[in-house]
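What follows is chain A paired twice: with chain B in the first complex and chain C in the second.
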Partner chain A sequence: MLNSGINVIIEGVNMQRLLLGLAVTVRIAFISIILGSLLGILLGLIRTSKSKVITFICRVYLEVFRIIPILVWLFIVYFGVTNLLNIHLDGEIVALIIFSLWGAAEMSDIVRGALESLPKHQMESGLALGLSFWELYRYILIPQAVRRMLPGAINLSTRMVKTTSLVVMIGVIDVVKVGQQIIERSVLKTPTASFWIYGLIFVLYFIVCYPLSKWSKKLEAKWEN
Partner chain B sequence: MEINWAFIVSNLPLYEKAAWLTLKLSILGIALSLVIGMLCSVILFYRTKGLVRLVQAYIEVSRNTPLLIQLFFLYYGLTKVGLTMSENTCAIIGLAFLGGSYMAEAFRGGIESVSKSQLESGLSIGLSNFQLIRYVILPQAFAVTLPSLGANCIFLLKETSIVGAIAIPELMHITQDLIGIYYQTFEALLMLVVSYLVMLLPLSIALTWLERKVRYAQFGN
Partner chain C sequence: MTIEEKHQVLLQINGLHKEYDGTTVLDDINLSIHKGEVVVILGPSGCGKSTLLRCMNGLEKIQGGEIVFSGKDLTDKNVDWQNTRQQIGMVFQNYDLFPHMTVMENVLLGPVKVQKRDKAESLEQAEQLLKRVGLFERKDAYPRQLSGGQKQRIAIVRALCMNPQIMLFDEVTAALDPEMVREVLDVMLGLAKQGMTMMIVTHEMGFAKAVADRIIFIDAGKICEIATPDEFFSNPTTERAKQFLNIFQY
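On to the complex of A and B.
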């Protein structure tokens, strides 16, 4: 019974279509990781500021994304904001907005943690040497902070790739949606299609995420001290 | 824009029911994942032959695949090869499969955080094995593990928002239904967000408080 079903994966253009769907998934993840990181680094730097008001606002921004599930956020923007403003937003645009904002929130915490974990004497020695503010960040703080934040940042990327699987719920034609279409089309001929297709998507996600998490672990071990 | 309060009031019981279902599923999922996590960390700690590989493979698979796909595979895939489970069973298994690896990491982090010198000092002042565990290892490991365990609980509770995809009438699912049937988008979303806040805010505040409370046991602070 099982042998007869696995063909569904390579039948016709099924494999190509799934890979194209995966490309949509990866594209969303990639763009939001880039945008989220840039915004997150900026926010992280701002969060080390001494102003209580600014750090409080940034903190609230982070917690708002941490407490409400991402799927709820996708719904709020896809159904709620569009309804409120009477506009139409494509599911992919909504996904990019939410994932970038969420990525930025989490990234800002990683950056802040890295900067604050640097021993204070590093900064003081730099100042004592007469480095300017720019030189201090460029040569002393940033190189050290990057080492501390890179493993966490890569981990965040894996999480973002995994979370992109949710975009199927707001009507984006990603790898999951393509899989569902293939299953529906071949269900009469191949009743076991859903087993093989979902199994394949499972493996595809693993193939994308596993190298990332391995890389992060490697860097963590390398830069432990 | 006007809020349709009558609509909110009439659908409140629906949300209450869904919230209870969400809580029930997450509590069962969390309990199971604690058991799995504990087992895995014990196996990794004692380096049980043969099982270590298996546990490591499980952790990698669980951490590198999305819950949605795990659920679809469990619910729609396995039933086609003769293994049919109810939606709720699938959801709990999915949550436990995902959460188990996170809990295992949390336990491992706790055990590893107790430095060797602590154990040796304990032994050298003549503590028994039980005393060593009770007064030296547990309090310190606990202080490290508890925050991550709590964070994992919140994480799993949030992940239940995904199980609506396999036809479980939890919060997300009924919200989608209400939007589809009545087009009361704003009201449905408002109730959705409030429901999650009611469950997650107290948990998150309690966790922050607890974290501060247990930190005293950490060595070197």
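On to the complex of A and C.
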């Protein structure tokens, strides 16, 4: 074990640095998930509107985020837009903006799908009771839609956590970047450093994402009936 | 109910015209429904009878004619549908209880959240109504734990709890297992006896005969015949009605 190089994980402040890097990753992901979900729910509700113009605009927004790689989005805003407007934006701020907008786009589609999957009769029997538009959403449609969209929303959250690893490319020091720095510094002394450090990062991502996907499976099973 | 009230027109339909994408579904429907009257609408599938009911509470827009309910013109652009629908109870073929709410929550949603009535008073009324349909002990169950007939009885209670002036029943037993039809029809018959004004679309001929004050026979979007149940079933005047009734005889 002494020569395997596993010690590189706990050498000096390596572990603390990795955990601080993980905190950056989790912070970006968490804030983006919250902001993206709020905006996405709103957009999803708007997308069920009957206005063709509004749904078209929302649809374009969704597709633009789906088609263009997130990395390109990060570059456009971090390098391109800041250059054009002659301002400086912190990498983490750019990451938060892009991930929130992406989350909102995907979330809006999940919300729309959930709302549209509800039987039309539910809406009609609500209307027949004299519910107003907002009461209909508040008491009948949203509570039922939430159950249908949670598995998808949780799945989206784990995708967002994983995709935050791209922020390295715009200079944000996340858990992956910290790992690279540690490896570069220790590789002469410990040739197997990349295995151990990336292995640890692998485990850290797993620890963050696994409970989420486990939770989504549990909810799915619970609400199946 | 005094004789005078009994003759008061609650719902008046004049020259109602309804079409979907240029296809006429209902044509020149004229009908008045008096307070306390039970009108059963019969007709072959697709004749427009369900659509007629749905026009009564604005679930379908009409393209011509007028509907006057309790003195108010429902074709007026400024009609307050939320308020109007509270006075027009409707029960659907597929029960459509809200699956995420218990029986009691389903029943109380209208009185408490929509009508903003006192919770205790609504609860008392809901309990009484549930007892009347024999489902009080299921008040905390979720819809998925109930049989079709039970769900439909709850749906009736849910509509009744709003204290409507008229009840619309849209083929409420059509989706039920034959064994459960009776329990739902019994509830409706009880309502009729209590003087509830009702418009019923059904395929249960025996029930129609027992419950109706008048039978309205609709074919191809038009009213073909209006008669008392005795006249209609023993001596229909139109050829279409005769053909229609023949289908139900073995």
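Following the convention adopted for this analysis, the second predicted complex is superposed on the first by the 220 of 225 C-alpha atoms of A that agree within 3 Å, B and C clash if a C-alpha of one lies under 4 Å from a C-alpha of the other, contacts with A are read in each partner's own complex, and residues count from 1 in each chain.
Convention: a residue touches a chain if its C-beta (ideal position, glycine included) is under 8 Å from a C-beta of that chain, and two chains touch if they have at least 3 such contacts.
Please read these numbers as outputs of a predicted model, since none were measured by experiment.
Judged by the touch definition given at the top, the superposed model places A:Ser165 against chain B, while chain C stays out of reach.
In the superposition on chain A, A:Gly80 makes contact with chain B only, not with chain C.
Contacts of A:Phe56 after superposition on the shared chain: neither chain B nor chain C is touched. Of the two partner chains placed by the overlay, only chain C lies in contact with A:Glu135; chain B stays clear of it. Shared-chain residue A:Leu127: touches chain C; no touch with chain B.
When both complexes are overlaid on chain A, the residue A:Gln144 reaches chain C alone and has no touch with chain B. Touched residues of chain A were counted for both chain B and chain C, and B has more of them.
By the document's definition of touching, of the two partners only chain B reaches A:Tyr205; chain C does not. No residue of chain A lies in contact with both chain B in one complex and chain C in the other. Residues of chain A that touch chain C in their complex: 119, 121-122, 124-132, 135, 139-140, 143-144, 147, 225.
Across the complex, chain B is touched by residues 1-2, 5, 63, 66-72, 75-76, 79-80, 83-84, 158, 162-163, 165-166, 168-169, 176, 183, 191-199, 201-202, 205-206, 209-210, 213 of chain A.
Across the interface of their complex, chain A is touched by residues 1, 60-61, 63-70, 72-73, 76-78, 80-81, 158-159, 161-162, 165, 172, 175-176, 179, 185-186, 189, 192-193, 196-197, 200-201, 204 of chain B.
Looking at the complex, you find that chain C touches chain A at residues 57-59, 81-86, 88-90, 92, 94, 96-100, 109-110, 113-115, 144, 155, 158-159, 162.
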